[in-house]
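Below is one structure; the comments refer to it alone.
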Amino acid sequence: MSNQIVQGILLGGYYALIACGLSFMFSVMRIINLAHGSLAVFSAYALWWLASRFHISPFVGLLIVLPLMAAIGWVLQRFLLERSARGGALLPILTTFGLAIVIDNALFEQFGADTRSLAPYIGSLSYDSWEWPGSIYVGKLAVIMFAAAVVMLGGLQLFLTRTRLGRSIRATSEDPDTAGLVGVDARRASALAAAIAMVTVGLAGAFLGMRATFDPYTGAPQLLFAFEAAVIGGAGSLWGTLLGGIVLALAQTLGAQVHPQGFLIGGHVAFLIVLFIRLSTSGLGLRGLVRLPARKTT
Amino acid sequence: MDGSANVILSAAGIHKRFGALVVLDDIDFAMNADEAIGIVGPNGAGKTTLLSVLSGAFPPSAGTVAFRDGDVTALPATARCRLGLVRTHQVPKPFSGMTTFENVFVAASHGAGLGRDEAYEEALASLKLCGMLGVANRRAETLGLLDRKRLELARALAVRPTLLLLDEIGGGLTDGEASELVDTIKELRRRKIGIVWIEHIVHILLQVAERLICMDAGKIIADGEPQTVMADPEVVRAYLGGGPK
Amino acid sequence: MSLLAVENLVVRHGLLQAVRGVSFSIERGETLALVGANGAGKTTLLRAIAGAHQPTAGRVLLDGADITGVPSHKRVGMGVALVPEGRKLFVQMTVEENLLLGKTAGRPGDWSVERVLDTFPNLKPRRHAKTGHLSGGEQQATAIGRALMSNPELLLLDEVSLGLSPLVVDRVYASLQGLISSGTTIILVEQDLNRALSVSDKVICMLEGRVALEGPSKGMSRDEVTKAYFGLHRKSAGSVPA
């Protein structure tokens, strides 16, 4: 049993990685990015293409793909999301939903329906494991993933609290109008935040490709996991996201213990229970899902 | 204030608290059926809250409201509306997607509970009175600010009020527009409709009000003839602070 | 040349015309007080000067240069800082973080976190407290300090005494007196007429989006301002029904 718990916690690292960008974009730009999973799959395909075509190891490939994802985030915010946000709160959701469809089908068009994986390109890392006391075997990749999640969340936390740019982003997320009045370029801060969010998505996509297989339509389930982990952890809280990822993974592991096909059900049940508790105890209705103060209006 | 037989609306010992915040602090108020009363006061004085308590938008924390000899403290706004106590809002909220006429028609048929033909006539008469026949078939969301304010007025009139409560209906209008609005309200006075009007723009209010009430910090600090009230040192102090004592 | 000149400025909020053709100018080192009833357009005028509202017509000139189309964050870099009505602090952030945000524009000058804390000693023990937990006076000091951190040439103060006890207001104005005598140009909105007249060189009274009265604060009578404030000097005042 302790073996399963350890595996569950480590899997939680992956969910935290994929939820991090979703929750970050939501807390800073108030945008629920439904293209989140598809963008992660896009990143996985980009790494796969570099590896299969040019024999570039996925870890080296990240040096190319992550800056590309950052640029995509910047452009998305500046030319798509910022404009659609002017049309009300619903429009960005629809926009990203449409974007997800476009990305999924473009990937299908380009790469076909075949299932791919990055596992063949990372050597023995995909199956190697360490033996821990108590004859627990942990996959090296799972440990790396978990460490990456902790480093990324911690790094983001430090960036947001300790640097001038981080403070600008937080100020913009709290009150863009007043941020402008103290000298912060709110549009730039939002575009930068989108770029950062996409870097985390790119990293999540890389691990998705290494630990499992993907096809052009893998985005939707990834979005679902990200969404569940973010809501369980309380959207808008970075460390909460890690906790949310772990809870989701443990619930899935437990579900699989109960019934061979209970893996996904276990996660959904945990998600619904947390959702129900949040809705009934916060007294705020759906707004209680979010650990954010209402944005000030002027 | 005298001749209590003629009193149409009165409020006694009104208190209103929102949490720890006391917005209305022991208000006593009475008016005759054919009076036109202006209410002024700095921001946060409790004017709009008083109007809401009078109209029934929410109940007072303590005190009673009486209208036409009956205690209406427990009656909701819709019921008071059918008795003839009608209120307009600070920010005009026309039903969009409907024409001006339809907006007023809905008020006449639902607010006043009139039958179809009668409601039609009433809506038409209200629009005419407010000088809105020319825009009767325009969609309400395309109207300019003056017409929106007039529509707010026309909707209130279609309910056949005996007493109108107006909340900052003059705000944001140009001088010309404001005087058109004043003309319309003067016409209502000729039809013996009682008026309670909250307005920041004092000089517009003074063209209609025969009696002025000044509120500050939830209390009535002056009540009487408009010019006398505006010259009252207490009133000037409420607005401009400090002052020679 | 005037430090700031506003020419025929018109600012709308949707259908509402909040500022209707306002013109005035202020010289370097002057203090201008804006008074007027609620809804007269003072806050909108200040926000348009700070660049938070785009005017429909008219111009804003800083040191003779047209800055009408310049966004607010760039105006901070040019030396225009607004202390907004209601303080508008970032309540999730600490006093120090709020102050440091004021430095974002990077204008050179000698304001620092230390100097703000020396100017408002009541903030010293609260340096690392979230501003949402501060008292009204501490919040106001933080808001003023945040504006000062950008080393402004023109400081716009919107109702800094709102919601503060008279004692705290006295303290805020005492620290402003230091700024005024050090030559900072200030435009302030103040409800208390006596206070407005006593700290300013020039006073403008607004009524329904227009300038109803303008003149030097010295020798301006309370009665004169009161009439302009309520619009009682107009023709309409005479035609009150008996």
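Lettered A, B and C in written order, each chain numbered from 1.
By definition in this document, a residue touches a chain if its C-beta (ideal position, glycine included) is under 8 Å from a C-beta of that chain, and two chains touch if they have at least 3 such contacts.
Keep in mind it's a predicted model, so treat the numbers as computed, not measured.
Colleague: Could you pull out the chain whose C-alpha mean position is farthest off from that of chain C?
Modeller: Comparing chain centres, A lies farthest from chain C.
Colleague: Which one chain sits nearest the middle, judging by mean Cα positions?
Modeller: C
Colleague: Compute the distance, rounded to whole Å, between the mean C-alpha positions of chain B and chain C.
Modeller: 33
Colleague: How many angstrom lie between the CA centroids of chain A and chain C, rounded to a whole number?
Modeller: Their C-alpha centroids are separated by 43 Å.
Colleague: Once you find the CA centre of chain A and the CA centre of chain B, what distance in Å lies between them?
Modeller: Computed from C-alpha means, the inter-chain centre distance equals 54 Å.
Colleague: Could you list which residues of chain A touch at least two other chains?
Modeller: none
Colleague: Help me check something: in the complex, which residues belonging to chain B touch chain C?
Modeller: Where chain B meets chain C, its residues are 42-43, 144-145, 148, 171-172, 174, 200-204, 206-208, 210, 226-227, 230, 236, 239-244.
Colleague: For a test of understanding, state which residues of chain A touch chain C in their complex under the given definition.
Modeller: 164, 167-168, 170-171, 174-175, 177-186, 293, 296, 298
Colleague: For the complex, which residues does chain C have touching chain A?
Modeller: Residue positions touching the partner: 50-52, 71-73, 76-77, 81-82, 84, 88, 90-93, 97, 100-106, 146-147, 150.
Colleague: For the complex, give me every residue of chain C touching chain B.
Modeller: Residue positions touching the partner: 15-18, 20, 35, 37-39, 191-195, 208, 222, 225-226, 229-232, 234, 236-237, 239-241.
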